[in-house]
Structure formats: C-alpha cells, structure tokens
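Take a look at the structures listed below.
Look at the two complexes coming up: subunit A is in both, with subunit B in one and subunit C in the other.
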Partner chain A sequence: MLEVEDLTMRYGELVALESVTLDARPGEIVAVLGPSGAGKSTLLRLITGLTRPSSGSISLSGRPIQKEASWRRNIALVHESYVLYPHMSVTENMAFPLKSREAPREYSDQEITERISEVAKVLEIDLLLERQPHELSGGQRQRVALGRALVREPAVLLLDEPISHLDAKLRNWLRGELRRRLSAAPWPTLWATPDGFEALAVADRVAVLRAGQILQFDEPQEIFDRPVGVGVAEVSGTPPMNVLPGELIADPLGVKVAGAPEPLPLVRPTQIDSLPAGEVSIGVRPFALRIVRPGDAGSSTPASVLACEYSGRHTVISVRLEHETLRLLEAGQHNIPVNEPVLIAWDGAEVSIFSREASCAGALEFQTTVGSNEHRAAPSSEQPVQTG
Partner chain B sequence: MIEDARPRKILRTLGLIAIVIAFVFPVYWLLSFSFKPERLFFDLPPVWTFDPIVTEWVNTFRTLKLWETIINSIIVAGGSTLLTILVGTPASYSLARLRVRGKTDIMLFIIASRMAPAVALIIPFFLIYQFLDLLDSHIGLIFAYSTFNMALYVWLLTVMTRELPADLEGVAEADGYHPFQVFLRIGLPLMRPSIIAVGVLAFIFAWNEFPFALLLGGRTTETLPVVAARSLSAGGVEWARLAVISTVMVIPVAVMVFFLHKQIVRGLSMGAVRG
Partner chain C sequence: MATQGIAAALAPRGRWAEFLQRYLPYLLIAPALILLILVGVIPFAYAIYLSLHNTFFTDVESFAGIANYKDLVSDPRFWGALRVTTIVTVVAIPIQLVMALGLALLFYRGVFGGRVLSPLLLFPSVLAPIVMAIMWKIMLAGNWGILSYWVVERFSLVTGGVFGSPSPAIGTVIAIDIFQWVPFLTLAFYAGLQALPLAPFRAAAVDGASRWQVLRLLTIPMLYPLIAVLFLLRFIDTFKIFDSVFILTRGGPGDSTTTISYYLFRSVFEFWEIGRAAAAAVIVFVLFFVMTSIVYRVFHKRLRLI
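After this line comes the complex of A and B, so read on.
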C-alpha cells in the first residue's frame, strides 16, 4: 500500500506540487493524468526519492519512507525518456536491478535469465537482447526500459508515460497486457500519462493532476461521468468534453451559449440552491451533440465545419461556434466541406455546468430539454454573451 | 552526380596527400637530421639520399645518459598524469553529475588557476619547495605538474561528463544502487573515452613541460625538455643531438595517439554514449 499525504514540492517561488494526497493498493493501477508540466514526473521523482519533498509524507505499508535513501526503497521507475545504460546490452540493462545489493532477494543467474526472457517475450524484445541501446529505435528503447522495471519485484512500480512512444498496434496490445499483469501483481502501480483515454482504460482509479494539484481522484467512470471541474472534463474522453463559456439564467432555467440564438433550456435533476450564478462553463460530451437539418425540432445552434476526422465507426467533426470550437462525434463516415454551415442540436444532451471562478469545484449536471418549445423565448433583458 | 564522383575522389585524395605531407614532413626532417652526417645538414639544395649513421644516437645516449633522462620523464609525466586521473576523475564526476554546493564557483576557481602564466607561479613554488625540501625530487615535480594539469583535466572532463544522458543516476538509484556504486558501474565506464582523451592531453603537457622542470628539478630529475634545451647554448646549436632527443620525445606521444586515437576521438566527441 502506497500512501502519499499532503505532498508539496516548491522550487523557490514555483510550486510544482501542492498538497497532493493519494494512495494505491497492491494490485491496483492508479493513473496520474495530466498535461505536460502538471507535475506528474515530479510526483514520481518524489516517491522514488530522487528529490526531497518540501513537505508531506510518503509511506509504504504504513512505514514512512520520505527520509529513506532512494536506492533502499525498492521502487521501480520507468523514466519517460527511457534512460537505458548506454554501455550495457539489453540483457545487461534488464539484469542490472536484479543484481543490486538492495534487491528484495538474491536472484540466481538462471532465474535472472528466465525472468528477462519471460518479460522480453511479452514486450516483443526477445530478439534484441544482445543489442546495445544505440542500436535500438525509440519504441524499442521504451520497451527495454519497461522491461527493466517489469523483471523486478518492487514495492511500488512507477511508470512515467510508459507506452507513449510505441506504435499504435503495440500500444493497444501492451495497454491491455500491462493491465492484466499489474492487476495480478502484489504491488501498486502509478501510471503517469497525459492521455485521458489511456488513463481511463488502464487504471482502477485516476488522479487528475493539473498545475501541481489533484483536481479529482476517483474511479474512471466517475472521472468521466462526473468531472468535478473544467480541468478534469478537458482531459478525459476521446475527444474530451467540450467546454465553453456561457451564462446561467435562473428563470426559466437555461444557459446562454456564445453563438446560440437563444438560451438552451435545461432540465435540472438536482437542487436549485447549489446553482452557481451568472457566468459559468458549460461542458458537453462530443457524443451528446448532433448535426441536424434546418427545421428539425428542438434547440439548435448554427455553426460552421472546421474539419472531419474519420476513424472507422465514427467521424469526429470539429465545428466553429462563434469564438469556440466544438467537437462532436457522429456515427458513420461524414465528409462535410470546410466552412459549410450546419446546425448543432443540443436536445437531450447531458450538460455539465461548472462554476467559472472555481473551475475545479462545483460541477452540476443537467439535461437539455427534448423537443419542448415551452421555455424558448429568451428574456429581452439578457446580457450579451460573454466569451473567453 | 555519378560522372562527378571520380574527379572529385581524385581531388580529395590529392588534397589528403598534401595535408599528410605538410604534417609528416617536419617529423621526417627531424628524423633524418638524427641520422645525417653533420656536414650535409645545411647543403642547398638539400641532400635527400645519404648513408645513415647512428653515431649521434650512440653518443647522445652514452654521454648524456639519455636513458636516465627518459626514465625521469616517464616517472614525472606518468606519475602526474596518474595522480591527475585518480583525483580529477571523481572530482569531475561530482561536479558534472551531483548536486555540489558552489559548483559554479569551484569551476571558476579551477579555470582561474590555469590562467596565471607558469612563470608567475614558479617563484612561490620554488620557495615552498625549498622549505619542504622538494626541489630536485620526482615527487615534487609530480605535484607541481598535477596542479596545472588538474585544472585542465577537471575542466574538460567535467564539461564532457555533463553530456552523458540526463537522469542516468536517478534511474540507477531507483534500480537499487548507492551513488558511489553508480559512479563505479555507470559513470566510470561511460567516462572512459573522455578519461583517456583528456589523460593523453595531460600526459603530453607534462611530457613537454619545461620551466617547472628546469627550475624545480635538478641533476637527478632532469627531464627530456631540459636536456634538449641544453643542446642550444651560447657555443652554438648541436643540431644532431637536438634531433635525437626530439625524436625520442616524439615517439611515446606518437605511439600513444596511434593506439588510442579511436578512444580519443570518441572521448572528445562523446558521440557514442547516447542512450
């Protein structure tokens, strides 16, 4: 069990991590999801012991380790830039941690060979074992770095973007394979990635990290369905949730979106007193939006097409809505010419409302009304729509 | 492009031949002087063919006890290079790869100690050595050479060692190795080409060093440059003897560079250690 509590890292004025608290149980994969610069690598370095935290504690099975030397912690780290030992062959690289005096137990030469060949097969590097690092491609080096960690029996496994440089086929296969292996392992795994899809796919729990703070730490489905703020909404899902500025109108309940001719009426499932007032951020998932023909019933917004990206079963269509870009997912193949005017239907879409000032808290969910004309007249006193 | 290839190749070869001649000819000229009868030295046009004689070689070795001088040179240059490598390598590694307080100041101090001309240091050295009774001793010269060689060695090696892949130490520590073991098992093997390259450079500097050897050394520690310089006197220049000693001085450096040139090039470029 890995427990990180209130971990803060400051470099002078710069706060790289602020009060990060998370935990991971044996066999659990916790994804640390965040854009580059969010503090993912800093967090992993602190846990490894390569950097001392400014404050906070790290413990393994209840034993505080933040004062322990990094080489004693038995923490396996896969560095985002691989960092193979340039003067050692692939085999020697992978055997290196097993030959350490600090390894949890002694490994016989035969066992070392067996462990390496088993892991090498899984990673498809079994034919490269005698090569030197400079003879390998980027993807191969990444797999060797991964292999060097997987042969071990660490107290914690830390993966810093472990499959980001692999080709798509191998990445897809390894994601599942690693999930299978690591879920069965008697140690916890932290998996840092900037890829929301990868995080949701591989993890038991996801910690969304942004600007050094954990915005939400929850199961993948919660992260996806109930993001606590814009920061979380923007990183989960492929493509991620559309977030655009809007203004909330209390009566009749609706939200005014930039570019929409009239406010979108909302059906509210939760209590009204928790509503943020005025300017809000509106989040809507790409699959919740549709392109409709003029004259179709319901609430629609004019937009112009920016791009269509076909991906087999779906097409991701990017549209321009006044100052905002929205992405929506349509089944099948669509090839709408660029700049073609279209109408976007919001009806029936689940909409998340985030309060603007505290973008990491105060999310509410609503549903836009379906086919109702009841609330469609906008009050004339409406302020012009705010953007930005 | 294909038609171009032949003439271009010929031109390139001719160019290379010219460069080789420009560099090798002086060495040949020096060597030929040591085997030439003295009367032919300054003939114009130069005499290219002659019966080589070894009289001067035999004489120089016998009358000047050149073997002793060679051994002195080897002890002093080799000893100071060894000392420099032993002390300078861990220093460079630490300055390049570890968190050392005041790193920049130390580096500046190191380079500054190299800025003063040797002459400016000789008098203090002489007085200190007189006090410590280190004049005319091998160990004294070894220490003196190590001071100026250390600066060069540490400065160059530190800059080169910085070029090793970042985070090697972090990853090796996570793999369960104490920083000292990381130095031995990761740092040292990767620094080897640079150590050899800079070590050869330090050896050459020590081997050719003159003012310290002249003033701090003495009868029992005479090195080759000192003896060579004695061929130039008010009474004239003993060309043949100078040629013999100079040839002797060139040989070890040439041999060393010949056998280590691959390592030297690798060390100076650090190209082969990217991981």
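After this line comes the complex of A and C, so read on.
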C-alpha cells in the first residue's frame, strides 16, 4: 500500500507539486493523468527518493519512507527517457536490479534467466537480449526499460509514460497485457501519462494532475462522466470534451452560446441551483454533438466545417462556431469540404456545466454537472452518436 | 533573381575553380604531411639506413648488412635495458591509474575539498622533469638527504642508500614516476567523472545497487574510454623514460636501471656506436609499434573503445 500525503515540492518560487494526496493498494493501478509540466515526473521522483520533498509524507505499507535513501526503498521506476545502462547488454540491463544488493531476496542465476526471458517475450524483445542499448531503436529501449522494472518484485512500481514511444499496435497490446499482469501483482502501480484514453483504459483509479495539484482522484468512469471541472474534462476522452463559454438561462433551461441563434436546451438539471447565475463554461463530449439536416426536429446551430479526420469507424469533424472550435464524432466516413456550412445539434443530457471560476485550472470551488448516468442510459429522442 | 545571381557567383567557374575543387583537400593536409615527413619519416628512414652500415664516430662507412642487428641481439645489456623498461612500465602504470582513480573518486565525493586542491595537483606535472629529478636526488642523496636521513636510514629500509643496489634503485625510479604522474591522472579522472551522465546513476539508486556495485558496474565501465586513452598515453610515455634515470642513477648501479632510452643515449654519446644504436632504435620502434597496435586492438575491437 502506497500512501502519499500532503506532498509539496517547491523549487524556489516555483511550486511543482502542491498538497498532493493519493494512495494505491496492492494490485491496483493508479493513473496519474496530466499534460506535460503538470508535475507527474516530479511526483514519481519524490516517491523514488531521487528528490526530497519540501513537505508531506510518503509511506509504504504504513512505514514512512520519505527520509530513506532511494536504494533502500525497493521501488521500480521506468523513466520516460528510458535511462538504460549504456555499456551493458539488454540482458545485463534487465538483470541489474535482480543482482543489486538491496534486491528483496537472492535470485539464482537460473531464476534471473527465467524471469528475463519470460518478461522479454511479453515485451517482444526476446530476440534483442544480446544487443547493446545503442543498437536499439527508441521503442525497443523503452521496452527494455520496462522489462528492467517488470522482472523485479518491488514494493511499488512507478511507470513514467511507459508505452508512449511504442508503435500503435504494440502500444495497444501492451496496454492490455500490462493491465493484466499488474492487476495480479502484489504491489501497487503508479502509471503517469498525458493520454486521457490510456489513463481511463489501464487504471483502477485516475488522479488528474494539473499545475501541481490533484484536481480529481476517482475511478475512470467518474472521471469521464462527472469531471469536477474544465481541467479534468479537457484531459479525459478521445477527442477530449469541448469546452466553450456560455450563459445559463433558467426558463426554459438552456445555455446561450455565442454564435447560436437561440439558447441550446438542457435536459433535467440536477444541481443547477448551486451554480452562480449567468456566465458558465459548457462541456460537451464529441459524441453528444451531431450534424443535422435542415428541417430536422429540434434546435440546431449553424457552423462551418474546419476539418474531417477519418479513423475507420468514426470521423472526427471539427467545426467553427463563432469564436469556438468544436469537435464532434460521427459514425462512418464523412468528407465534408472545408468551410461548408452545416447545422449542428446537441444532446442536452450529455452536457456538463462548470462555473466560470472553475475554468481556471485548480480553482474548483463551484462546479456541477448537469446530466447524470441515468440520462445517458435512457434513450432520448435525440439519439447521440455512440462511441465505439 | 537575386538568389540565382548569388548561386551563380558562388558556383565554381573555369579551370582554376575545377583545380581547387579537386586538389584543395591535398593542399590543406600538405603542411601537416610535410612536417610529419621531415621530423618523422626521414629521420626514421635515415635510422634504418644507419643501422645497415658500419660507422666510425659520425662517419658512415661501408654497408654492413644485418651485422649491427646481430651484435645487438647478442648484447645482454640491450635485453637488460628492455627488461628494466618493461618492469618500470608494467609496475608504474597500473599503480598510477588505480591511485589516481581512487583520489579522483574521493575528490568527486568532496573529500579534501577537491576544488581547492585541484590546482595544487598540477604542481608535480608542470615542474620540468629534470628539476623534479634533481629535487629527488637531493632528498634521497647518500645518507644526508632529507628523506634518506629521516626515513630510509632511520627505519633501516635500505642499507647503503637507495641508489646503491638494483631493486631499491628501480623502485625509486618507479616511485618518482608515480609521484610525478598521479596528480595529472587524478585531474583527468576527476574531469571524466564530472562528465559522466547522471541518469544511469539515478537509475542504479532506484534499482537498489550498493556503492560498491555502482563503482564496479557503472562508474569504472563508463570510464573505460578515458582509462584506455590514459593508459595508452602513459604507456607510450613511460616506455621512453629517460630524464629521471639520467639524473638519478645514470642507469646504475651496474645496468640495473638502464632503460631503453638511456641505453640508446649511451650507445651514441658514450660509445659512439651509431650504427648499433640505430639498429636498437629500429627494433624498439617495431616492438613498440606491435605493442601499441595490440593495445589499440584490444581497446577498439574487444572493448569497443577509442
């Protein structure tokens, strides 16, 4: 069990991490999701002990470790920049932690060989074992770095963007494979990534980190369905939630958006009273938007097409609405010419409303989400485009 | 238009340009090549020429075939000189490298205040070898030098002075070479340590390696290229050791500290056996060439260094 409490890291004036609190149970994968510069790597480095925190505590199974030397902590770390031992072969690199003095137990040569070949097969580096790091490609190095951590039996495993530099096929395969292995492991895993999709896919819980603060620490579905603020909404989902400014109108319930001729309707508000009146930020998932034909029922808003990105089952269509760019997901292939005027409609049940203050990352005192799970489950008259 | 004009102006034109384009590389390396031929190839060729002739003082007389070489190979003093040189090289260099690496690691860890002391380290290296040798000679002189009186005599380390019998004499020559070169090597290692990337050491800390493992598995292997270069430099230099021998022992007692350079010096300027000395120089060169190639090959091919 890894527990991080109130962890703060300052570099002079700069606050890299502020009061970060999170925990991870054995066999649990906790994703640390945030854009670059959010403090993900700093958090991992503090846990390894390579950097000492300004304040706060870190404990492993109830034992405080923040004053312990890193080499005594038995923590495995996969660096974002790989950091292989340059003069050692792949095998030697992977054997290094097993042969080190602070390994949790003694490994026989035969066991070391077995562990390495087992992990190497999973990572598809079993044919590279005799190579030197300088003979490997970036993706291969990343897998060796991953392998060096996976052969171990650490107290906690830290992965800093472990599969970010792999090709798509391998990334997809390893995401599932790593999740399978690590969920069965008797140690907790922290998985840092800037990729919202990856975080939701691999993690049991997701900590959304932005500008050194944890905005939300919850299960993936909560992160996706009930983001506590714009900062969270913008990083989860592929493509992420559209966020645009608007004005809340009470009767009939809707929001006024610049560029839309009439207010866009909202369905069954739950916590609308707690919102400050007037200016809000509106979050709309791409699948809650769709293109309609003139004369279709319901309200629609004119917009113009910026780009169409076809991805097999869906097309991501970017449209311009006054000053805002929205992305929406349509099933099938669409190739609408650029600047073509279209009409867009939205599913009022799939909209999140954030107070304007919450738009600034970190300040999240007022927030609410309109549209809950039950709304999504119930088929509405306006069928949203389903994500695959 | 403007860019076209510039391109046209820059493009080589005419015979002169063609000539330049073709021969410029040769012109550029010519000065270095000429210098190398003047100071390296011609003297060496002349040495080969001399080694095949009979000489009388500085006069070159009749062609002698391989007589000089035959003489030399049957001269026990030549083999003795080679043996002494090899002993000095084989003993001094490893000690120098190990001591220097140890000191550099201590400096790197901040022991002794490395920054303050590092300029002082250069002292023995910037002193002229002759001055250094004279200094040692005075300190170790007879039974009245400061070291021979207070250390050697007091603890009865050696009877009859350090230069009085063969082994202590060689030992002293080696010790002085170590004293002279350890500081320079320490500085080189200190710089090398500072140039090492930090990331692998951080990774090793997380991987739970002990200090000894880090030193043995990371620090030293990552310093191999530097160690190889320093070894090669010291090997070439030590093999030619002359000044300290010349000042301290004149090759004695007997021939016990006569190194190959000192043997050559005596052959020419004491015995005036120029042909034979030239033959010795040629043999030493060939030996040296072979050994350096082996060292280079080991470093280059086996260890993938240099």
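Just so it is clear, the second predicted complex is superposed on the first by the 349 of 388 C-alpha atoms of A that agree within 3 Å, B and C clash if a C-alpha of one lies under 4 Å from a C-alpha of the other, contacts with A are read in each partner's own complex, and residues count from 1 in each chain.
Here, a residue touches a chain if its C-beta (ideal position, glycine included) is under 8 Å from a C-beta of that chain, and two chains touch if they have at least 3 such contacts.
Note that this is a predicted model, so its numbers are computed, not measured.
Novice: In the superposed model built on subunit A, check whether subunit B and subunit C fit or clash.
Specialist: Aligned through their shared chain, the two binders clash on subunit A.
Novice: What is the contact status of A:Tyr310 with respect to subunit B (first) and subunit C (second): first, second, both, or neither?
Specialist: A:Tyr310: touches no partner chain.
Novice: For A:Arg148, decide between first (touching subunit B), second (touching subunit C), both and neither.
Specialist: both
Novice: Let me test your reading of the model: by the given contact rule, A:Tyr11 touches which partner, first (subunit B), second (subunit C), both or neither?
Specialist: neither
Novice: Thinking of the overlay built on chain A, is A:Pro133 touched by subunit B (first), by subunit C (second), by both, or by neither?
Specialist: first
Novice: Now for A:Ser70: first (subunit B), second (subunit C), both, or neither, which partner does it touch?
Specialist: Both partners, subunit B and subunit C.
Novice: Given 6-14, 78-86, 114-122 or 150-158, which one is the stretch of subunit C whose C-alpha atoms run into subunit B?
Specialist: 114-122
Novice: For subunit A, what residues appear in both contact lists, the one with subunit B and the one with subunit C?
Specialist: In subunit A, positions 48-50, 69-77, 79, 81, 83-87, 96-97, 100-103, 148 sit in both the subunit B and subunit C interfaces.
Novice: Which of the residues in subunit B end up touching subunit A in this complex?
Specialist: Touch residues, subunit B against subunit A: 164-168, 170-179, 181, 186, 189-190, 272-275.
Novice: Give every residue of subunit C touching subunit A within the complex, in rising order.
Specialist: Within the complex, subunit C touches subunit A at residues 197, 199-200, 202-210, 212-213, 217-218, 221-222, 224.
Novice: Spell out the residues on subunit A that touch subunit C in their complex, using ranges where they run on.
Specialist: Checking each residue of subunit A against subunit C gives 48-50, 69-77, 79, 81, 83-88, 96-97, 99-103, 148.
Novice: Once bound in the complex, which stretches of subunit A touch subunit B?
Specialist: 45, 48-50, 69-77, 79, 81-87, 96-97, 100-103, 133-134, 141, 148
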